[in-house]
Amino acid sequence: MVKKDIRYTELAKYYDLTHYFRNYEQQAEFLNSAIKKYFPAAHRILDIACGTGNHAIFMAKKGYDVTGVDLSQKMLNIARQKIKNTDLQVGFTYGNMKDLKFSSEFDVVYCLGMSFMELRTYDEINSCLTSIKRAIKLKGLFIFDVSNGWEMLSVKTRKDFAEDAKTKVIWLSGGYIDKLKRTMHLDYTFIIQENNKTAIESGVEELRIFFPDELRMLLTNANFKIEVMLGDRDLETPFKENSPHIVMINRKIT
Amino acid sequence: MVKKDIRYTELAKYYDLTHYFRNYEQQAEFLNSAIKKYFPAAHRILDIACGTGNHAIFMAKKGYDVTGVDLSQKMLNIARQKIKNTDLQVGFTYGNMKDLKFSSEFDVVYCLGMSFMELRTYDEINSCLTSIKRAIKLKGLFIFDVSNGWEMLSVKTRKDFAEDAKTKVIWLSGGYIDKLKRTMHLDYTFIIQENNKTAIESGVEELRIFFPDELRMLLTNANFKIEVMLGDRDLETPFKENSPHIVMINRKIT
Amino acid sequence: MVKKDIRYTELAKYYDLTHYFRNYEQQAEFLNSAIKKYFPAAHRILDIACGTGNHAIFMAKKGYDVTGVDLSQKMLNIARQKIKNTDLQVGFTYGNMKDLKFSSEFDVVYCLGMSFMELRTYDEINSCLTSIKRAIKLKGLFIFDVSNGWEMLSVKTRKDFAEDAKTKVIWLSGGYIDKLKRTMHLDYTFIIQENNKTAIESGVEELRIFFPDELRMLLTNANFKIEVMLGDRDLETPFKENSPHIVMINRKIT
Amino acid sequence: MVKKDIRYTELAKYYDLTHYFRNYEQQAEFLNSAIKKYFPAAHRILDIACGTGNHAIFMAKKGYDVTGVDLSQKMLNIARQKIKNTDLQVGFTYGNMKDLKFSSEFDVVYCLGMSFMELRTYDEINSCLTSIKRAIKLKGLFIFDVSNGWEMLSVKTRKDFAEDAKTKVIWLSGGYIDKLKRTMHLDYTFIIQENNKTAIESGVEELRIFFPDELRMLLTNANFKIEVMLGDRDLETPFKENSPHIVMINRKIT
Amino acid sequence: MVKKDIRYTELAKYYDLTHYFRNYEQQAEFLNSAIKKYFPAAHRILDIACGTGNHAIFMAKKGYDVTGVDLSQKMLNIARQKIKNTDLQVGFTYGNMKDLKFSSEFDVVYCLGMSFMELRTYDEINSCLTSIKRAIKLKGLFIFDVSNGWEMLSVKTRKDFAEDAKTKVIWLSGGYIDKLKRTMHLDYTFIIQENNKTAIESGVEELRIFFPDELRMLLTNANFKIEVMLGDRDLETPFKENSPHIVMINRKIT
Amino acid sequence: MVKKDIRYTELAKYYDLTHYFRNYEQQAEFLNSAIKKYFPAAHRILDIACGTGNHAIFMAKKGYDVTGVDLSQKMLNIARQKIKNTDLQVGFTYGNMKDLKFSSEFDVVYCLGMSFMELRTYDEINSCLTSIKRAIKLKGLFIFDVSNGWEMLSVKTRKDFAEDAKTKVIWLSGGYIDKLKRTMHLDYTFIIQENNKTAIESGVEELRIFFPDELRMLLTNANFKIEVMLGDRDLETPFKENSPHIVMINRKIT
């Protein structure tokens, strides 16, 4: 019984509902502050693993010229739907962060919302950093976040619930750590009530466990200058050992 | 997404089914024994936070003249339905335990089934104790129970199941402790199969965490005389540190 | 609310789906290897607690003459359905492992898949060993497995998911240990989506907790010779203290 | 580095000091009550694994004719020292509980203080029960205690301290469970200050882990009638699953 | 075996050595900042439970006129020794914080270093708050710290080590919570090497477990105005639920 | 109070006693088997971080020409003492594994006994791998072991005891993980009885936490060919996720 990655299935349509707890607007505010502090002249920005477009649309509203890339056509379609009747300067296009087709085009590339953890081997990470660095103009920024690996070590069974006007969803998640690969396997089951019917869906995710000392080494080896390592999407919150996230602002210097 | 308190929603109709494990009859026996021991002449009694009337009806069957008050009209309606074709001496009426409209009317006031834990601040507790004391006749009793705070400190994810002739319910609960307020937030999701359809419901509860030394102080400060502190609804079970409950029998002495 | 043993209810029809993780073919390979090593001439074999017939059918395919017995008519019917249009040498019949109606008939009796843990008292175990020993020919084998009791001591709440072409099932399990009887009580709830409808089912299981030193004593007292104690269904895996299972190969010597 | 069993070394002289928390007098009261209830005519009693004689001397003070046996000459010497200038009816002699040289001589045999747990295999247990049964008169009692195996499963590192007029002792203990033998290995280190000097000592103990259902089987198989299973040395405390001890009162009936 | 409170024994002479990890200078800096912010005109200050005088001496060096009181003559003697050849404006005197002999004399009273936790009942706390309030001038401050009760709930066995030029100390601590009194009992054993000799000492401490919501109530009821609740001795660190300490700055307003 | 690294203090003389549980002979057998399998012609070998020479002496007894280097003169002196009156082909010399003064001299370099974990940063690791690679002849081997990082994540307080003819030692260890550096800080206290006197010593160690996927990357980046990753010093034990150690055999290929 092969389980399906939740990002590329019918579950995409519940993505926004089941990620209600992510404050996209506040994360976009953080991005904006970081850009204002570290590269105030920035205008063209690239959102990699843009999903249903939430960060990208907020950034476009702030006046940036935004391109969003993702591997899921289902998610890109939802993103495009959201901007259909707007005149926001934002485009959504299929693209793989390990092989971006851009060369010194963007002032800022960002990857928020934990997608960087989908890079599961050193080869994938290094390919991705090379591909991203190529896409950024000299002196431009690469901003991304991952979970703090130390906090991922205790995987807990969870249940969550969300609802909107027409849908109610319960989802149960569990998981285990693959210690040979240093990844976390999460599996989800969803019970979804919609249009008077209740259905079951299921999916999986496999995420790499990153430690802060190693991220410093990886970015440094890729010739980025690490401007700052934060513990959350907030310029005033330096990384500490029990921080929930590792958020890094890095500059292309060669 | 504001979550709803489960006591005041459509979930009221599943209240009795999902509380099947509460032995109301046995609790009423305990109340009766306590009254026979500490105030044998008692006749008029008040059940605060009476819910769907289970304790009150058992007490009425034992010959007491019972008044039940609650804040949920939905629960009061279910309670009234249960006594429609009986001649029991019991009435159910809307009322708030922090502001009871009675003055020296009752021989005994009781609050069983953990509702006292819905008093979440010292102000609420003190208002409630004042309001209850006013409702009791001099020498009358106030009997109530709460969970033992020491036992509440480990909140566990749980699943439960119950069924009757026409309904099956699975409910999942989880929670966390708010250490600033010293309350426990519980959230529930219900999967309910009824009349060939399956639906999802959700709700929350916020309960205060009480410790035994503090309850002694609070009742004493409110000028009650503490007759006994029990570890369960059983006169032979004194409170011990790992008791599941704190059950107090108190007398109005001034 | 009396809960039902899951083996004897409508849940039988989901048995194969929810036990998908059991590799019956591999277990049959183990049985075959064990027989080839310890009693190569064996031909007639008895599968006790055969369930839906998975082991028995694989063994018949290997050329053995197999009889399967079980207490659940629902499961036996599913087993019979599976062999309807085959010419395999296998029969399924109602039978109780504590009172088998056979006398020195089989070269090998086996009980794989944890059913031996349904024997919950020393009386039941001893009756069963006597009944099994009577069914085996002199020098014949009795092969069975149980969970390693040491590994059962931590009961965890679990969720699982399985699906086939027409059914999706989520099942949640929890449990507790009865320390007076030394058994584990497991309770299950199933959420089943089938033919466009979603339903809830529930059931229980009570299993004895066996320790390795005690099994040695019990088999020895029943006059079996213990050929080997394994830690899994694999002749190369001796039992160690953290093995998941205890698998014993025993010979009738008197 | 072979470690030494603490019962047979120089540590014997600290035995009473480091077991200060055992209330021997209260345990002797329990023994006396049990005898008065279950065999009031008893006079001659045998204390097996009598150690430094604490129980035996209390029983002699109550008027019983007491014999104490132990395997440690060092402990027996301390016991004899205690009664040197008394006229108590008590004698201390070398003896092994698995091979007692008595035949139908005693009204009561008891083994209090956990020594029964030094029987580490079914063979040793059965030899001991046979040897004890032979020593008891028909209708006589066998009273013993062990730790509740369920409570032994979590071995904790501990430190303890005791002092008397001339000695101070810190002792540290740790341990592990041998799951193949079902025994607990405890190791101790002692730091002892005496006569202005501080020294280090070390020792080990290996104890069997007993469960209540199994003890019932073992005593029944040895043809004892189990009069009662208690949870502590107190006739009013029935055994419950979280009781610290298992205390059994058994009668020789054949 | 009655155990001795470590504050009133020969162990006093090791107090400074075994509390090396307390940064008294930094705590005095905090006190000074707090006074500069909340009562800049303050000059006369009272240190209750001053111990060996560490805080008081630092405060005197900052120019305050300091009085220190303590219950342990042994500790007061060490404190006096420290100031013998100085001209600091500081005095050390015997005094009980529950019954201080001062009336509106001090601008600031403080109690740092966890001694407030030695108040183990509501009566003791209320006596102490009354006694302290009397000692303070109108508008003066009361500054104190306790451990955050939430962080005290997991008592861990610990070992520590400290040394100075002539002494080495290992100390082992363990403890348990008395849930009826809501106190933590800590017991300590010390192994002390000094002057070529090694000795053992032992002692105990019993501390109340305070929660933040309750401290707010207690100070408010005692008619203090709570200026701020901090999570450590640092004006920039507000109290959060996992803060190690509760540090309160309170003003006498009536 | 600066704590001292235990490897460079008076504690060196207790090194062999307190590491009695390391089976040096068996580890030397493993080394020999590994060399016989992967580089049978090897003769000149280098033991880095050789300590008191245990591995090196066993290897010399097997006929190899062995050089041992270490940073602790105290340990080297003990090693030299052991070979004083032998004619073994082994020399002990001061040397730092991050800056070895050898060039293509050795057939095999090994580092057994966890010293590789003293390399606490990527810079130290890379310097060391470069220095080691330079010391090895082309096609030669580098064999080393570290603890499995996954198993290091739970640091436990421990006590241990060892004795020989004239010394008894109790040692207590504890520790914590520095999550920013990814190292484990261990601190030890020793209570040592020798020549009728008892003394206290103390020391610390800081060890890097290595994960298997990262070691593969590091050795590969240093241009070693990884011949095999084992889970213990045994050629038949492949590395698994719960293996206690990571043992790597690597070949210089460029």
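Letters A, B, C, D, E and F mark the chains in the order given here, with residues in each chain numbered from 1 onward.
In the analysis below, contacts are C-beta pairs under 8 Å (C-beta built on N, C-alpha and C of every residue); 3 or more make two chains touch, one makes a residue touch a chain.
Being a predicted model, the structure only gives us computed values, none of them experimental.
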item: Those chains which touch chain F and also touch chain E; value: D
item: Chain B to chain D, fewest steps along touching chains; value: 2
item: Residue-number overlap at the chain D/chain E interface, same or different (half cut); value: different
item: Centroid-based (C-alpha) most distant chain relative to chain E; value: C
item: A-B, C-D or B-E - pair sharing over half of the E-F contact pairs; value: A-B
item: Identity of the chain that, by mean CA position, is farthest from chain B; value: F
item: Cα superposition angle of chain B on its copy chain C, in degrees to the nearest 5; value: 120
item: Cα-centroid distance, chain B relative to chain F, in whole angstrom; value: 64
item: Centroid distance [mean C-alpha coordinates] between chain F and chain D, Å; value: 47
item: Per-residue multi-chain contacts in chain E, two or more chains; value: 157, 172, 191, 198
item: Contact pairs between chains, per stated definition; value: A-B, A-C, A-F, B-C, B-E, C-D, D-E, D-F, E-F
item: Interface residues, chain A side, partner chain F - complex; value: 121-122, 150, 153, 178-182, 211-214, 217, 239, 241-242
item: Parts of chain B lying in touch with chain C, wherever the complex brings them together; value: 20, 157-159, 161-163, 168-170, 172, 191, 193, 196, 198
item: Footprint of chain C on chain A - complex, ascending; value: 1, 157, 172, 174, 187, 189, 191, 197-200, 202
